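In what comes next, subunit A is part of two complexes: it sits with subunit B in the first one and with subunit C in the second one.
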Partner chain A sequence: MPDWITRFPKSLSINIKDPIDKAIDHMVVNWSPFFDVLKTGLRAFLNLIGFLVNLVPWWLLIIAVFALTLRMTRKRHKAVLYSLMLLFIGAIGLWDLMYQTLTIVIASVFISLLIGFPTGILISYGRRADAIVRPILDTMQTMPSFVYLIPAVMLLGLGNVPAVIATTIYAIPPIVRMTSLGIRQVDREVVEAATAFGSTRFQALVKVQIPQALPTIMSGVNQTIMMAIAMVVTCSMIGASGLGSEVVTGINRLESGRGVAAGAAIVILAIIIDRLTQSIFKKDGEAS
Partner chain B sequence: MKKRFILYVVLLAMALSVFGGCSSGSEETKLQVTFGEAGWDSMKFHNAVAMYISEVAYDIEVKEVSGTTAVTYGALLSGDIQVFMEIWTENLATYDDDIATGKIRELSINYGDNKQGLYVPRYVIEGDEKRGIEAAAPELKTVEDLKNYSDVFTDPEDTSKGRIYGAISGWEADKVLRSKYTYYGLDESYNYMDPGSDAALSAAISAAYERGEPIVAYYWEPAWLTGKYDLVLLEDAPYDESLYRDGKCAYPSVSVTVCVNSDFYETAPELCEFLSNYKTSSALTSEALSHMQDTGATSEEMVIWFLTTYDELLDQWLPEDKAGLVRESLAS
Partner chain C sequence: MTTENNSIIRVEHLYKLYGMNKEAAREMLNRGAGKDEILKKTGVTVAINDVSFEVERGKIFVLIGLSGSGKSTVVRCLNRLCRPSSGDIFFEGINIRELKKKELLEFRRSKISMVFQSFGIMSHRDVLGNVAYGLEVRGLKKAEREERSMEMIKMVGLEGWERKSIDNLSGGMKQRVGIARALANDPDVLLMDEPFSALDPLVRRDMQFELLTIQEQLNKTVVFITHDINEAFKLGNTVAIMHDGGIIQIDTPEGMASNPANDYVENFINGADKTQVYTVKHIMQRPGCLIRSKDGVINALKQMREQGISSAYVVGEKMEFRGVLTLDKALRVKAGEIVFLDAIENDVPTTTAETQISELLPFAAEARVPIAVVDDKFRLCGIVSKAAIIASMV
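So, the complex of A and B:
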């Protein structure tokens, strides 16, 4: 039996590793002005978010969560539970780290929404745009994050800036998908009615389609936030500060307690944000 | 789960093969040897060299099992893994006990002239005319001198201070480096950056080097990075065992040894004789690793390159007839 039947023939092999390495090396050396601008911009943005987050003292945040939960869910026991959970994060000494994590999460979510929302609207219109963007989104969600983390470090340095980029890559797909889905699900007749009454395409979009699609869009926002929180630990592998680095240190030093404490704080953060955003969106959904 | 399943299958296969080796006295069954691979480059390289020689000269069936240091070392103790080409003795708390109780046997010191500590690229101190880089810190020699240059190694996330790229948390070296950082008062003018992983640390250093930017970072030799780039180790007070943990002196050279499981030592005396002679150096290892990084050679191409270039090693390691076998195979 010829060899090429049982084994993949060597003559068919192509080398994609070297060109990719070369391209990244080239970018590291020659594109640094561009990445410097990106870095400086992102860093300023991160500092701003960090500044705003740190304006909120610990007691105010707990009170705010209490009040918000009470207003949204009308359940006193939930409000008490969430406040106690937050208090717990502070009690185990992770309050400041939680703020650092929040800063990265908020910045990433903000950028994701800024890019993802318009993209979602765009691809809801055209089949071709959809055909192009969909595989890209699939790639972003399935590509193992370490694969793009290391090039991100080479181009942007270690720390919070590449962490925001990596988190954005991971967290952007849900908002794009859900926006496009939501808009497409709006009844064609409703849109036709709006057009018949003389609204332009833009007016129909802003005044009819988006409000109608809001519940779906908002669940996209919620998922985007959750994805961003899920990236916290991974990003600490490239030097992002916050709860994630505490987990990584705990694992590296075989200090299980440290890892579990920080892990629990991440879970609490995720639960509170998830429940609060969901209840807000439900409200919005009912109102529209 | 899948990994564990594979591990079990591998272990089972190994156990069966050991049984097979014992019961059948026939010459047809090849001896099977498993090498441990704990996840860093130099170890992979030495494994490749030793495995190649075992296969060609001693007609042994070789296998490599990878895992974390703790897992693979545990397997060496229990005998599932038979050979470890690199044990960084200082980094394993139980090493001396395990030698003393006879679970494993130290055959050779693979190399002992390794280094670790804070490195800066040479152009930071001396400049580089070819690349048009001016010396940013011409008087920088020791770790203590860093104090005067915090504005050279600016932390991009906190421009009022410098940034030191530290060791990976959880390594013994990280604890020592953190003490050093406060001992020399560097904490006043520098931030200590936890790089999170060794891949991220190497990426940060190599990106800075390619761009010609100043950087001060923890690293170690031998590694492909220190072989590929011209980095200078900052001087420190001479090593003293009593001062070391507090970060008041340089890192010691750690003996990196070749070890085998004790039971295995009895079953394969010939191979163990070769391993007892297996000695390289930091410089050799570094050179090999950076050659691999530069050329993208597969590990077999790498071994062939290495053993052809340093042909004299074969005479030091092997009896004449075995060396001849290896040379034959290299030439073909």
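So, the complex of A and C:
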């Protein structure tokens, strides 16, 4: 029996690893001015966000979370619980690291929304745009997150800047998808009505389609934030500062306590942000 | 010519085809092929097939047809929500197929507006915000557009609701918002795409009445779509009946009813008067008071007293209908003035379950007691009261 029936023939194999490596190497060498600008810009942006976040003293944040929870959910026990959870993060000595994580999350979410929201609107309009963007989104979501850490490091080095890029790539699909979905789902007659009364395309979009799609868009924002938090932790592998780096240190030194403490802080941060954003969006949904 | 001056919309040889292979479809249409055949051979859907009509200023023009007959598409061509494949639409002499983008916006903002079947209300705005929408996109100042909108809100009877959220409104009220919004632009023509179909019958009747009142007051031209022939005849000055994308007949309601163009139209019109469709079995009831001829007068009186009815239906052993015993005759039997069997009136009108209600109308007017329904062996099956007959007609 010939060999090619039972085993995949060597003659059919192609090499894609080397060309990709070469392309990345080529970019590292030749596109460095572009990446330098990107790096500088992002670093400045991160510093700005970090500066703003650090303007908030620890007690103000706790009071703010308490007041916000009380206003949004109208449940005192939740407000007390969330404040105590935040206090716990400070008590176990992770407050500053949490602020660093928060800085990267806020920066990444901001960029994600800045790019993702218009993209979502664009692909809700055209079938062709949708056909192009959808597979890209699928790839971004299914590709193991470590994979694009490698080129990010090669192009932008270690640290917070490549972390923001990697986190943005990871967190952008939900906002794109949900924006496009929300706009498509607006009642056909409502859009027809907007057109029939002489709206321009832009008027129909801003005055009718986006407001009608808002609840769906907001759940996309919520998902984007959650994914950003998850990715920021992974990005500690490439030197992102914050709670994730504590986990990495814990692994390296086999210190379970350090890892678990940082993990708990991440969980608390995620829960509080998730519940708060959700309650804001629900309120929006009721009002509309 | 006077008719020329009076017409506000003139549609000439309008076609709308959906699909890729329009050329082939057009050719088949010219050869007189049917809609189904064209769809099968070319994959092209013929939504509108050579439609021409004129709408007179200040009148209500009704397009009627079953779903899929193309009536909604025709109306959407009138404000260019839908682009005609060929044919012309003249609005006050201007061909709206040739309007430029800006002209089209202007046309939609000031000349023509629309009311939708499922209202097309924007749930993120309150009542006032919805009514003012057309004026807002036109660029009117807030104070001015709200003042005008309030007038319209008053006109449709929603005063006091202007700041309410849409979710608080019933279906009828939502459509009032839709109508107020359409009127706020002060358009010449109001397009109404089955505006009352989603409403329950009582509300629908109110809204029809109100539409007529408003139309009389403001003297707007209305193009009204419906699948309900009663509604069409009630509202329309002119009615056009559509089938498979084409118009079969255009006439006044009276003209169409007395002189239908073909069987399709006739069937449609027959649906208009329900008494010609419904038969007795749809509306008959069980007799409230039923006695057997051997039961005797005491029993009959007892039953009548219990039910609060002044007449009893008398049947034999096998339910065969004997007649009606009225209260005063029964009392006379009890007093010994006449005998029981003589007291039973047997000249009561009878009918069968399969009779059309329209045939009952002459009897019903005369009858003192509900008409008895009997089968072929003269057994009593039920009774038909005047109230039930009247209820079936509305």
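Just so it is clear, the second predicted complex is superposed on the first by the 288 of 288 C-alpha atoms of A that agree within 3 Å, B and C clash if a C-alpha of one lies under 4 Å from a C-alpha of the other, contacts with A are read in each partner's own complex, and residues count from 1 in each chain.
What we mean here is this: contacts are C-beta pairs under 8 Å (C-beta built on N, C-alpha and C of every residue); 3 or more make two chains touch, one makes a residue touch a chain.
What you see is a predicted model, and the numbers here were worked out from it, not measured in a lab.
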item	value
Which superposed partner A:Gln203 touches (first subunit B, second subunit C, both, neither)	second
Subunit B versus subunit C as contact partner of A:Asp25, first or second or both or neither	first
Touching partner for A:Ile280 - first (subunit B), second (subunit C), both, neither	neither
Touched partner set for A:Val153, first subunit B, second subunit C, both or neither	first
Of subunit C and subunit B, partner touching more subunit A residues	B
Touching both subunit B and subunit C, residues of subunit A	none
Sites on subunit A touched by subunit C in the complex	187, 189-190, 192-200, 203, 207-208, 211-212, 214, 288
Partner subunit A, residues of subunit B touching it in the complex	156-157, 165, 168-171, 193-197, 199-201, 203-204, 206-207, 210-211, 296
Footprint of subunit B on subunit A - complex, ascending	17-18, 21, 25, 28-29, 32, 39, 43, 146, 149-150, 153-155, 157-161, 236-240, 245, 248-249, 251-254
Residues of subunit C defined as touching subunit A within the complex	76, 79, 81, 105-110, 113-114, 116-125, 133-134, 136-138, 181, 185, 191
